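Below are two complexes that have chain A in common, paired first with chain B and then with chain C.
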Partner chain A sequence: MPLLGAPRLPQGPNYGILAEFATPADLYHACQRVRDAGFTRWDAHTPFPVHGLEGAMGIRRSPLPWIVLGMGLTGAALGFGLQYWVHTTAYPLVISGKPYFAWPAMIPITFELGVLFAALGAVFGMLGLNRLPMHHHPLFTSKVFERVTDDAFFISIESWDPRFDPSATGKLLESLGARRVELLESE
Partner chain B sequence: MIPERDRVALRPEQATIPPGHPWNRIPVIGASCALLGIVACAILGAANPRQFFFSWLVSFLFFLSLTLGALFFVLIQYAAQGGWGIVLRRIGETVFATIPAMAALFLPVLLGLHDLYEWSHAEAVAADPLLRWKAPYLNVPFFLIRAALYFGIWSFIALLYYRGSRGQDVTGDLGVSFRLRRLAGPAIIVLALTQTFASVDWIMSLTPHWYSTMFGVYFFAGSFVGFIALLSVVATAMRRSGLLDTVISTEHLHDIGKLLFAFTVFWAYIAFSQFFLVWYANLPEETTWFRARMEGSWMTVSFFLMAGHFVAPFFYLMGHAVKRRDSTLAVGGAWLLVMHFVDLYWQVMPTLHPEGVRPSALDLAALVAVGGCVVAAASWLMRRQALVPLRDPRLAESLAFENV
Partner chain C sequence: MTPAIRDDTYKGPLFNPKAQTGEQIGLAQTEAELLDNPVAGRPTLILRSPDFHSITEAVAEPVERPTPSGWWFFFIPSLALLGLLGVAVSWLFWEGIGVWGLNVPVGWSWDITNFVFWIGIGHAGTLISAILFLFRQTWRTSINRAAEAMTIFAVMCALLFPGIHVGRVWVAYWMFPLPNQMGVWPNFRSPLLWDVFAVSVYGTVSVLFWYVGLIPDLAMMRDRAKTRARKLVYGFFALGWRGSVRQWHHYESAYLVLAALATPLVLSVHSIVSMDFAVSLLPGWHTTIFPPYFVAGAIFSGFAMVLTLMVICRKVFRLEHIVTLRHFDYMAKITLVTGTMVGFAYGTEFFTAWYSGNPYEFFTFLNRAGGPYAWAYWIMVSCNVISPQVFWFKKARTSIPILFVMSIVINIGMWFERFVIITTSLHRDFLPSAWGYFTPTMWDVACLLGSFGLFFTMFCLFVRFIPMVATAEVKTVLPQANPHGGSVPERESEAHRRDLSGPGELAPEGAS
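Then we have the complex of A and B:
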């Protein structure tokens, strides 16, 4: 779960460590332990959504709703403001006998722009927070990781986690039931 | 091994009101309130029958709309084969099981027909070409036939679903679920039509010159917001008093909150669209109704509706945490119940008091009388039944429900 503000890719000889688990249950319990061990720069990878995994990983709620709210309000304000300016200042016209500032007529555009901006905020905010699109990722160098879309469950811990140590972290993951642990090279 | 259909997700004693529980007293309290309200209505209404009939109509419509909202809530869950809301379904079923009682509470409206509806006066119709033209629909005999039809259809659907669900508690018969699911689609269509015509008959025809083709949807939107608001309050009250506190979870509250939020927006969308088209076209026969509500103190109520029925709850219910805490959700629900009442008051009362808002003690008396009857009936049913559909095949799914 890369967050904004984190370095784009880690420095050093290793990207991190990858551990493979056989079942969702193994992965779930391992995630709880990794979370409790205090790791912060790590992720879990599964072929399908595992219920409650975000809780086991200790993921905080995304700031995305605030982005959507901010964008929605901005869009609504822009939509209303533009119409207000046009109808009262820039090009006042009498339309069907209504006053220049006929606010009910401005509501549909205000609503539409609010929705448009909120939707754009949701899509691009999500992409930005997830640092997408990302054309390549060091995890893809691992051969076993190809099974992540098939039948295997993984935890990856990145080397720039303050608690990362190539051998100790590997041993921890093995003790949690990983059936394979792999040290990944930086590219 | 126990066959799937006989497995019990919840023991009956986990889902009934235990003896000695304070909720056992609610029927008596409700009935006392009803009696008090009826006496107050009789005393105050004798001096001012016109005010009484209008006040009664508002309160009658308020509670009727909640029962119809409950009916819709249960029907869509059957039609969509919803799983999450099974633990809340019995609350809805209990609310709409009072529909036959609503028919009795409609009688004062019939007694006040001439005070309420201008079109019921032969001399007014004779003098008014527009009313003459509408007379084939707006006449007393046909009005009575339609009202009988509405209550007949609603009671039939309500009892069909209530009895079916209660019966399943005992037999565990899966066939009930299948049968009620097949009927849910047609029942929704019938409910939509009857509810639309009822709102035209009982509210729109108060101003017989006026018409709005959106009025039925507007009434529906309000009724569904009202029921979901009631649901949030009842679910919270139950949890707080130790009923279903392990059954109705934060996840269920969250979904109630989402529905409440969504239908508050829907109500606003419909209410504004209705106003907007009339305002824009500016045709005299359409503007009269809004004109009356844009003058004097009724304009203040109109603004209050916009702010209180949409803007405030929209921002209040938007957040995640508000919907997941029972106290904050119930505050939002209680507020929207009040606003739903204000909405109906605003629809009905300007016919009686075009000069401005004139609150009356009869408004309160009628509310207590009708509300007391409905609460007494619903809580009496609750004492006699399980508080959740114990053997619905989706109960286990509902109990384990989690928002992703």
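Then we have the complex of A and C:
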């Protein structure tokens, strides 16, 4: 049930190759080599964010901050607009002699709604960019992959990568120090 | 299942390049060896040099094992107090606000005191999760999950009181800008309405922040699950997280953005709470120092509550190697700083009251320190300003009994601070004929105790069902998590070791 369209999973008998590495350092160096070998449809999997791994994989900056900025400005504008409309048009009422359009008094709620929308944008934007929730994935068919949230480090290369070749790619990963290489079935 | 600690001695090189031998720092097995050493440098944050798996075990195992009897020891009294809250609130709704000790001129007392107290407790959780994250204080990783949970439960308690103190609870929805058949809208120019927005946004953002932090650990619980129910429930909430670096990439960006949003948010929330008072024209309330003074007090009391909770939790769940004395040392230092800031604010208020030349203002303060509520004022000063000064001494900062007692003392003091500010400013009106005195009824007491019941019931459920330490974050502060740095675990090949020692290949763009 991804948020932004169906995930483009490969067609064919194999989803791809999963290789396990012993340490973050092993994984880091293997990622650099896989990146330099020109693969594009591949990923690494770690129990925690490993420092600098995006660079080793050649991932571009996340566009998330722009989503957050847009949402934050929208929230602030809506918040300010609501207050302006209520106090000048919908229900103009003099309270404590304040002017109808007492804009400094409207700043706190403008700020709060800006933060609320920005936070919602950050969370749901992140989930959307990550295509989560996605409760089924071919990787979950692997038994060793259960340790991805514990202490194991993986590289997965999808079979529809133009450079993918079941035996050669497996050998490459072994030569990079993988402890175990596994061919995954499509779901 | 593998034992909780597989290897007590970490044999690789150490995180800190200055600390060369295991005896000096890396094998810090006793807590005394744990604190900063000016010669050897800083020791690692997590004791007993665990590997990644043992962190998983230490945190996940207490959630998976059958409910220990000790848990019921905390849960049943908490649940009983929650029941008391139900009775007190039901009676309040049935009979009306008159069951509390409120009167004219004291129209706000324990209800709003409890509200400000609880919302303040929550602020330390956000400080730990957001502000310390922005300042790259990696020691926060051991305590941030529990502190954020504390924030959410404290905000729940806080939200209760404005909701029930309005008298006619069936029209409590008037607080929100809902279109209605009367064509009436709330007054957005009032701090009381700012407060509704600030606290509800704060609660929402705290839950979002907490949940985002939880996703990797829920996935961990899913992957370890032995029963189908557990796999389904944790799996559902883990959203199919698979630890992909392309996911971590957006995830870390989202986490950083949420921290950057929560930081000004938390400062705004208690500033706005203080404006409920400061924007009024009442002597004792009408002062510009309130926003920073309230924020400092909030963090002060919140850290005290974190201390109370963590002293118990690390003992009960045997997490002494993850939540170490070093963490307590740091928290005690923050408590000392914020407590002293609060003391400074008390002094400044008094000075300003005198220097303003306003007789009403100065009377209010003289009356606080020497009037009918002097007992409350001096409880406040001794708990909040005098007693935290023991934290100048490292012995006190690293002694669990002293920390525990102090954490309770501070929270008593901070409750009284809000009571003093609210009640003493109200009970002497401008004309002596309108003077009064507030005495709590048993229903005031029941509401306060009941709110503690709500808080501790939620916290007990939290530690029972959710990993109380953010394992994915704790693993990042282990020395071997750094792919470039000090660590070369034994199983690595000699060739790889040579590879690691060459700095040229090791330093990718921007990495350190």
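Going forward, the second predicted complex is superposed on the first by the 175 of 187 C-alpha atoms of A that agree within 3 Å, B and C clash if a C-alpha of one lies under 4 Å from a C-alpha of the other, contacts with A are read in each partner's own complex, and residues count from 1 in each chain.
Here is the rule we use: a residue touches a chain if its C-beta (ideal position, glycine included) is under 8 Å from a C-beta of that chain, and two chains touch if they have at least 3 such contacts.
Everything numeric here is computed off the predicted structure, so don't read it as measured data.
S.K.: Could you tell me if A:G97 is touching chain B, chain C, both of them or neither one (first, second, both, neither)?
M.R.: In the superposition, A:G97 touches chain B alone.
S.K.: Would you check which partner chain A:P49 touches, where first means chain B only, second means chain C only, and both and neither mean what they say?
M.R.: A:P49: touches chain B and chain C.
S.K.: Specify the partner with more touching residues on chain A, choosing between chain B and chain C.
M.R.: C
S.K.: What is the contact status of A:A105 with respect to chain B (first) and chain C (second): first, second, both, or neither?
M.R.: After superposing on A, A:A105 lies in contact with both chain B and chain C.
S.K.: Between chain B and chain C, whom does A:P65 touch in the aligned arrangement: first, second, both, or neither?
M.R.: In the superposed model, A:P65 contacts both chain B and chain C.
S.K.: Of all the chain A residues, which ones make contact with chain B and with chain C?
M.R.: 49, 51-52, 65, 105, 108
S.K.: Under the touch definition given earlier, write down the residues of chain A that touch chain C in their complex.
M.R.: Residues of chain A touching chain C: 22-29, 31-32, 43-57, 59, 62, 64-65, 68, 72, 82-83, 86-87, 90-91, 93, 95, 98, 102, 105-106, 108-109, 111-113, 115-116, 118-120, 122-123, 125-127, 129-130, 132-137, 139-140, 145-151, 177.
S.K.: Which positions of chain A touch chain B when the two form their complex?
M.R.: Those in contact with chain B are residues 49, 51-52, 61, 65, 69, 96-97, 104-105, 107-108.
S.K.: Touching chain A in the complex: which residues of chain C?
M.R.: Answer in residue numbers: 51-53, 56, 177, 183-191, 193-194, 197-198, 201, 204-205, 208-209, 211-212, 216-217, 219-220, 222-224, 235-236, 239-254, 257-258, 261-262, 264-265, 268, 272, 275, 471-473, 475-476, 480-484, 487-489, 491-493, 496, 499-500, 508-511.
S.K.: Would you pull the chain B residues touching chain A in the complex into a rising list?
M.R.: Those residues of chain B that touch chain A are 272, 275-276, 279-280, 282, 318-320, 402, 404.
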